[in-house]
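As written, the chains take the letters A, B, C, D, E and F, and residue 1 is the first residue of each chain.
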C-alpha cells in the first residue's frame, strides 16, 4: 500500500508538472495542449495501483479535473479529456488499458488531423494565388505548406497579430519553407484584401451554430473577406468543436493581461487596457471549415459534434 | 544687389531649414506642416528686395516649389501654398503685403478651424456615449475634448495605431484631460464596436468624391461602424480637401520604411514588409464630415472645394 | 353495445368541446393547443369500447381528423396528433394504452420543453443586457424569466404587437416578475434597436430550410437586428418544426378578420383591410434557434425534424 | 400712445392665441403651423404703431421668439419665421410692408409647394403601380392624388401609424378621392413590401447630410424598401430643410406622452412607455426627395439649404 | 475463349459507342448522360463471360474508367457509375445480376426524380406568379410544367443563355405546353427582376458546402434575386451532389471552345475568348434546393450526400 | 421671295436628310447624334433668308422640333439643341451668327470632351490593371486608349453586349490599338469580376439624382462590381446629364424590336420578346463619373446640370 501511495504520488507529481507547463504556456497551442493532457492521463492511468474499479475511476476523475482546471474554457482540452475518459470496463486492468489506448489514439489522431487538413484544404488553393493568414495556426499553416509542397506557386500575406506578435512565428516558418511572404500590420488587412485570393485561419473553438472563436482580429479579417467576395477558410481539427455550446453555453472570451499591450499602465490615471484574446466570427462570413474529416459549411457544425464527438441532441 | 542677394540667401536658408524640419518630421501633422509652410512663405516674401514684379513672382514661385517638394502628396501643404500665393498686385510692395496677409490669414484660419470643428462636431456627441478614435488627430480630439469640456460624460476607446503607436499620444492627451479611456490593439476594434456610440477620426485628404484618405486602419474601422450601424464621423479642416482629385488624380498612398514594422528584415530570405501609411475609406461608410464651415455629407466634397478653395469645374 | 355507443358519444362530445375551445381561441398558444389535443386523444382512446383493432384505429383516426380540422395549418397541433397516434400494437388494449402513454409523454415533454428552453436560452443572456421581445411567446418569456430568476439584471423592451395587443400580456407577466420593462409601439423597434443587446422571440412554425413563421412583425424585427448586428434568438419547442415543408409545402399565412384592425370598414367604399396573422423571417436573419434539445443554427432544422420528429428524406 | 399700446396689446393677444392653437395642436401639420406663424407675424407687424425702427425690430423680434417657443424644434416654423423676418429697411413703414410682403409670399409659396411637389413627384408613378404611404403627409398625398387625377390607375397601401392612428385620416382622404386603398398594421409593412412599387412619405425635417426626420416608423419602412429594391420617395417642401444641422445641431426627437400608447401606466410597477414621435432615416435608404424646386438626391440637401434658404457655409 | 473474347469486344464496342455519343454531346444533359452510363454498364456486365470474380471486377472497372473519362468532372456521371458498381457478391453470376439491378434502379430512380422534383418544387409556386428560368434544365422545367399542369396561371421569363442559346429549347418546350413566356437577353435579367416572383434553375453540381455549379450566368441571376428579395430555387436530383467536394476537391469549371462565342478569332491579334461553361453560386444566394427527397437549405448538402449517396465523414 | 423659299426648302431638305440618318442609325452614338444636330441647326440658320426676327425664331424652332422628334428621349440631342438655340439677339443677323457660333462651340466642345474624359479618367487606371467594359462607348474607350497610350500595361475584358453585339466593335478598336483583350459573353461577367481591377462604361443619360441610364446589362455589371468591391467608373460628357429629371421626369427606356433577339417570333404562339435597350444603374453602385469638367460622385449630378447646362432649381 505504501508503495502504491508512493507511485500515486509520483503519478500526481508528473501530472501536476504537465498542468504547470500548460498554465505557464510552456506548452501552448490547442493541439499540443490536448495531446499533452491525453499523454498525462495515459501516464497517470499506467501508474495507478488501486484494485477497486470505483476507486480507479475516482482517481482518474480527479486527474481529469486537475487538467481541465488549467484552461477551463479550452474546448480542445475538454474534448481530449472526454475522449480519453470515455471507457466501459469491468475491472481495473481493462479500464486502465482502455484509457491508455484512448490516449494513444487521440494523440495519433490529433497528429494525423493536421496533415489531413493540409491535404484537404490545399485542394482549394490554386497555383498563382495569394493567401492571407492571421496569427500562427498549426492547421492553417498545414494547408499552406501542403500547397507549397505540392508545387503550387503561392504567396502569403501574414499579419503581425498584436499583441503577442505570433505573426513573427508564422513568417519564420514560411521563410524556412521558402514561401514568399509579406508581413503587414493588423490595420493593413483591408488595404491588402484586393490582392488576396483566399484567407486561411485556424480555430480555437467552433460553436454549435458554426461560429468561430479565434485569435483577436480574426472576425475583422472575415468581414473584409466577405466585403471583397474573397473565400474565408477555417482549418479546425474536429476536437475544436464545442458540444457544450449546443446546450446554450457561451464561449467565454479570455481577457489577457494589460501588460501585453501597455508596458506601464500605472503612468495613467484615466486609462485602462482592454485585451481580449479572442473574437467571434459569425458563420455568415465563413465559406468552409476544413476538418480532418472533410470540408464542411459552418452550419454543419452539429454533424461534426454528433458524428465525431459522439454527442446527441437530447432533452 | 549684393545685399539683396545676401538677404535672399538668408531668406532661402531659413526656408530650407523649414523644409528640412518637415522632411524629417520634426514638424509633423497636416495642420502644423501647412502653417509652417505659410509662415515660411510670409517670411521669404518679407525679405525679398527685388523691385521687378515679374522677378518677385519668380522668386516666390521658386520658394513655393521648394516647399511643395518636401511632401509632394500632402494636400494640406499644397492647399496652404496655393492659398498664400493667390494674389493680384500691380507692384512688388502690394504683392509682398498681399502674400504676407494671406499667410497670416491662413495660419489664423487653420488655428481657428480646429476649435470650430470641435464646436460643431461635439454637438453630435451626447452625454453617456462611448467614442472610438484612431491614431492621433488634432481635429478629432478637438471634438472629444470639447464634448468633455462641455460637461458631457463620455468614454473613449483608443486604438494603438501600429506601427507608429500614435495611440499612445492619444491616451496621454486624454489622460491629461481626465477622459476615461480604454486602449485596445487594432485587431480588437470590431470586438469593441458593440460598445461604441460613435467613431470620430481625422483626415489626411478628402477627395472630390468624398473618399477619405487617412491613417492605415481607418477604412477597417469605418467598415465595422457601417456593419454595426454606428455613426462614423470625420473631422477635417477644409484645406484637407483635394481639388486635384476632381481632375482625376489618385491620391498616392505613401509606403513607409519596413523597419517601422520589422526590426531586421535581413534575417529572412523570403519575407518582405508592406507598410502603407494610409488607406482609403469609401464615402458610403462615412456619415458626416465635420469641417470648420459646417457638417456635410461626404458627397458634398466638391462644394467645399469650390466654395472654400475657390476651385471651379472647367474643361 | 348500447352502452359502448353512449360512451363513444360522450367521448365525442368531450372531444368536440375541446375542438370548440381551440377554434374560439379559449384555448390558445401553440403549446396549449397541442397539449389539449393530446389530452383529448388520450381521453377519447380511454373511453373507446370497440374490440376490433381495425375499428379502434378508425375511431381514433376520426378523432384525430376532427382535431386537425380546428386549425388546419398549425404545425404544433399536427405534430402533437402525429406523435400521439404513432403506435404499433397487436390488440386494442395495447393500442389504447400506447396512445395514452404517448399523450402523457407528449404533454409532459411539452411542459418540460418550455423550462428547458428557458435554461438553454438564458445562458446566452448576460447581466446588464437589454432584451427586446415581440408578441407573447411562452418559450421566449421562459428564457427571459430564467435569466431574471438566475439573478441577471436585465431590461426588456416589449412591443405592442398590433392588432391583438399581446404586448399587454407580456408587460403584465414581466411586471409581476419584477423585470424592468419598456413598452413601445411596433413602429419604434428600429429606433430602439441601438439599445438592444439581443432579440428573443417565439415561433409558430420552423420550416425545413430554417425559416421562421411567427407573429406579424417578427420578420421586421429580425431585419433591424440584422442591420444593427444584434443577435436574433428564436425560442421553439421541437414540435414547432414542420416536416411537411421539406416536401415543398408552403406554410399558409392565416388572414385574420378586418375588424381586428378597423372597427367599421363599411364606412369606406374604396378601402379594405389586409390582416395577415404571421410573417416569414428568412433564416439568414436568425442567429440561433433554442429548442429543448439544444441551440441550433436555423439551417439544421432538418436534423431536428429527423432526429426528434422521426421524419426521413425519401422519394 | 395709449391707443398704440392698446393696439399692441390686441396684436399680442391675437399672436398669443395663434401660439396657443399651435401648442394644443389645434393647428397642426408642419405646413399649416408655418403658414399660421407667417400670418401671425404679418398681422402683428400690421398693428405695430411705433415709429422708431429699432423699437419696431425689437417688437417683431419679441413676437418671433414667442412663436418659435411654441415648438422649439420644428424646423418649418423656424424657417418660416426666419424668411418673414429677413428684411432690410430704412424706416418703419418700409420694414412693416417688407415683413407683410414676406409673409404673404411665404404663405403663397407654401400653398403652391404642395401642388408643385404633387406635379413633380407624380411623374415617378406609373399607371398600375401600388404605392405605400405612412402617417398622413400633405405633400406625400399630393403626389398620390395628382397621379390619380392624371388618370393613372394606382393602388395605395396605408399604415395605421400607431399610436395616433393618422392612417385613418389617410384612408379617409383616399376613399373620398376614390383611390383603392388597403389598410395594414405597422407590423405588416415588410410582409406587404413585395407588392409595393414605390414608397412615398412626407418629412418633418431634412438634415444637412440628407437624413430624414419623420413620423416614427418611417425609417423601418425605408429599410424594407431598401431590402426589396423598392424606390423610397420623400415629399418635402424646401422649408423642411434644416440649416442648423449643417452647423452640427442634432434634431431632438420629441418624446410624446405615455398615455398615447398605454391608457393607465399606473397599473404597473416595473413598466414604463417609450414614445418617440419621430425616427431618423439615413440618406442611404432614400432614393429621391421631391421638393417644389425639383427632385434631388438626399446628399444634395445642402444645395437646397443654400439656394432656397439663403444659407452659406462660413466659419 | 475466342467466343468470350468476341463478345467482350462487342461489349466494348457498344460501350465505346456510348462514350463517343457523350463526348460529342449527342447524348447531353446531366440526367441523360448518367442514365446512358448506367445502361452501358448494365449491358457490358450482361455480355461478360469471364468466370473468375476478380477478372469480372477488373473488366467492369475498366468499363467504368472508360465511361468516367468522357466527362471527367461531371458529378452525375461519376455518381451514376459509383452507384451501379457498388455491389458485394461471392460469384460472377451474383455480381453481374447485382450490377444489372443497380443500373435498372438508377435509371428508374433518375427518371422518377425529375417528376418528384416537379411535384415538390411546384408547391412553392402560386397561381399568378412569374417565374424566371435560365438555360434548359430538365428538373427546373419539371417544376414549371407541373405548376402549369396543376392549373396555376404562371408566366415564365426565359433567358437566351448565350453562347449555346439553350433558351431557345426552353421557349420551344414552354410554347408547346402553352405557358406564356417572354424571352430576354442575358443582360436584361436584373431589369426584369422586379416583375419576377421566383427564380427556378437546375444544377450541374451541388458541392458539400451547398454551392451550386451551373450554366454560366446562374450566379448572376442568383445575385439579382438576392438583391431584390426574390426566392431563388434550385432543382437538383440527389446524384448531382458531389461527395468529392467534401474532401476538399474544387469543381473544375470547363472552358469551352472560343468558336462558340467568336466565329473567327484569327481576325484579331490581341483578342482572345474566355468561355467558361459554368459558374459558381454561393449558398448564401440560394433559398432552397428541391431534390426528389425533399426541399432542403443548401447548407444541408452533406446530409443528402450522406443519406442518399452513402458517403461518410471519415479521416 | 421665291429664292428665299427655295433656299428654305433646300435648308429643310438637308435638315430632314440629317434627321433620316439619325432615325435609321446611320448616324449613331449619343455624341455623333448631338454634333450632327448642332451642325444641322447651324446650316439651317445659315440659309434662312427671313428678315423678321420673330419669323426667324419660328423657323429655327420648327427645325429644332423636327430634330428633337427623331429620338425624343435622347438627352444629349435635347441638350445639344437647347445649347445651340440659347441666344439673345436684337436682329436676324445677330441671331443667325449667335446660333452658328453656338453650334460651332458645341461641336468643338463635344469633340474635346471625349479627349478630356480620357485624360481625367485614365489617371485612375494603374499599369498592370485589368479593365472591364461593356458595349462600345466612345468616352469609356477614350479612357482605356489614353491609359494605353500613356504606356500603362493594361488588359481589357469586353462583353459581347447582346443583342446588337457592340462588343465586336470594341474588340476591333482595342485590337487595332494593340490592347490585350478578352471577349466574354454577358453571362460571364460575375465570373470574371475577381480578375477585374476597374469597370469603365459610358452613359446615355445621367439623371438628377445620379442614376445612370446606359446599355442594357450595365446595371448588372455595376452590381457585380459593388459585390466585389471593384471601382465602377462612368465616362459621360456633361451634355449627357438630364435637367428634366430634376423636375421629376422619368427617363423612358426604349423597347427595341423583337427581331434583334429572336429571328422569327411567329414560330411561337405563347412566346414574346422583351427587348429593353437600356437599364438603370442606381447611384449607390457608381464610384465616380468622369466628365470633361472633372471626376464627380454621382450625387453631384445637379451641380453639373446647374453649372454646365445653365439650369436652376426653381418653382
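The definition used in the following text is that contacts are C-beta pairs under 8 Å (C-beta built on N, C-alpha and C of every residue); 3 or more make two chains touch, one makes a residue touch a chain.
All of these numbers come straight from a predicted model, not from anything done at the bench.
In terms of residue-numbered contact pairs, which of D-E, B-F or C-E coincides with A-F for over half of them?
The chain pair with the recurring interface is D-E.
Across the interfaces A-B and A-C, which one involves more C-beta pairs in contact?
Of the two interfaces, A-B and A-C, more C-beta pairs touch across A-B.
Based only on mean CA positions, could you tell me how far chain E sits from chain F in angstrom?
44
Cα centroid separation between chain B and chain C, in whole Å?
59
List the centre-to-centre spacing of chain A and chain E in whole Å, with centres computed as mean CA coordinates.
Whole-Å distance between the two chain centres: 39.
What are the residue numbers in chain B that touch two or more other chains?
227, 284, 299-300, 303
Report the residues of chain E in contact with chain D in the complex, numbered from low to high.
Per the stated touch rule, the residues are 193-194, 227-229.
Where on chain E does chain C make contact in their complex?
Contact set of chain E toward chain C: 109, 112-113, 116, 119-124, 126, 284, 287-288, 290-297, 299-300, 303-304, 307-308.
Across the complex, what residues on chain F touch chain D?
My answer: residues 208-210, 245-250, 282-284, 299-303, 312-315.
Quick check: in the complex, which residue numbers of chain B touch chain A?
157, 159-163, 171-172, 174-175, 178-192, 215-217, 219-220, 223-224, 227, 253, 261-262, 268-276, 279
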